[in-house]
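Two complexes are shown next, each including chain A; its partner changes from chain B in the first to chain C in the second.
Right, the complex of A and B next:
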């Protein structure tokens, strides 16, 4: 999954049809640089993606008819990840985390947005 | 409303046709070949990563400045169309391009399957189709 997301990021930066000075494929990119991708849709699922400036990547798989979820992902990061993970004193940045409170808040958040299907939180070293 | 480029990828991931409709959309030749084979693999990986069974690969990729629509034929040839995020009826347009491909490429006696497409009639008809689409969209 990480490989897919990372490659799609590079792919979009190189393909960007609005930027005449395209970065060559495979040149290192800074976080948030170039054209970013938001989601891809297949015949039976949709994968929504958000990368925040610290390099944390959020991936949310939903059913394919889901609307544009970039705002939902941003508020998921702001209200859930930051509140329950970053502010957790036992959380070690860059390490996997398990927190019941986070899971409960996440479930409540997704239920509130009407998309309790499946979620995955991926972490990447910044 | 704009159509930026069209790519056709054969069933083994090789780029067999590439056409850019705007100057800024032009990608380095080496990069376009690599983008095509990368897309081919990403398409296959996305199928395997599907949380539900029966996935046939990516159909639409949404990025900040463009949308990429992918149409895969039953034989594994992929048609990619890079368009403006606000463009509509792209799946139908891709279907039309596939029809042109069957008419002017597959029925061309000099065309060798899986090889680079060099068919004047296909070029002309794609050009016309896109021009008509852009006029209608306006």
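Right, the complex of A and C next:
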């Protein structure tokens, strides 16, 4: 999945119609440079995406009719990721992590937003 | 650009506060303990910096969550954000950014007061001790997580008799994001 997101991000930055100095397709890009993509929709699902300046990427797959979830993803990062993962002393930035508190808070938050009907798959990749 | 949904601006999550004196005294006892454990001042300096680095790599996510800034476009912007937003948020001090080098890769953050070093006097035998080195480590760690490799060192220290605290920041490299998986996997 990372390759998909990486390439889509590069592609969006290259397609930017307003940026005077946009990168060429295929050249390395700094995090957050150029414009970003927020979501894409296929026949079966919608993938919502947020990239933070520190490189953390949040991916949320929902059903097709979901509204723009950028705010949801942003508050997911602010309130849940930072609270339960970053502040966890056993977390090493860049490494995979498992945290039950994080999962519980995540499920509660998604349920509160009415997004959890079946178990949604949430991946955080740095 | 139109935004869908009625959400509008969200309130930033409230920042927890701690008594400044408790913070200062705790830091002082950490330094004291390090000195008695290591006994070599250079080693203590290195350990303080390493501790700061470990804190910085985690602190940056919390800062990004609370401050809600968008991407900084240059090192100059970054230094400004560190001095005017990050330091006030975490230490309640504002720093000034001065002494830019001609190629915009080096600058100084000048602090006029430093809560880490309140009530502190440095005795003569510890003249080599960089008491606030943890702050240099924090800045280095935080900027490393946004792919900017910097070198931070203290050039003026009020505990040694200078008139302000000056932290010299030198940008070594602004890295591009690397594709972490090898092509042949």
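What we mean here is this: the second predicted complex is superposed on the first by the 114 of 126 C-alpha atoms of A that agree within 3 Å, B and C clash if a C-alpha of one lies under 4 Å from a C-alpha of the other, contacts with A are read in each partner's own complex, and residues count from 1 in each chain.
Here is the rule we go by: contacts are C-beta pairs under 8 Å (C-beta built on N, C-alpha and C of every residue); 3 or more make two chains touch, one makes a residue touch a chain.
Just so it is clear, the model here is predicted, and its values are computed rather than measured.
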Fit or clash between chain C and chain B when superposed on chain A: fit
First, second, both or neither for A:12, with chain B first and chain C second: first
First (chain B), second (chain C), both or neither touched by A:38: first
Touched partner set for A:1, first chain B, second chain C, both or neither: first
First, second, both or neither for A:25, with chain B first and chain C second: first
Partner chain(s) touched by A:55 [first = chain B, second = chain C, both, neither]: second
First (chain B), second (chain C), both or neither touched by A:82: second
Chain B versus chain C as contact partner of A:71, first or second or both or neither: second
Cα-centre angle that chain B and chain C span when viewed from chain A, reported as a multiple of 10 degrees: 130
Nearest Cα pair across chain B and chain C, whole Å: 8
Overlap of the chain B and chain C footprints on chain A, listed as residue numbers: 3, 68
Sites on chain C touched by chain A in the complex: 3-5, 7, 10, 12-13, 57-58, 60-62, 64-66, 69-72, 145-147, 174-181
Interface residues, chain A side, partner chain C - complex: 2-3, 6, 28-33, 52-56, 67-68, 71, 74-75, 77-79, 81-82, 86-87, 91, 93
Interfacial residue positions of chain B with respect to chain A in the complex: 4-5, 22-28, 30-31, 34-35, 38-39, 42, 45-47, 49-52, 54-66, 68, 82
Interfacial residue positions of chain A with respect to chain B in the complex: 1, 3-4, 7-8, 11-12, 14-20, 22, 24-25, 35-45, 47, 61, 68, 118
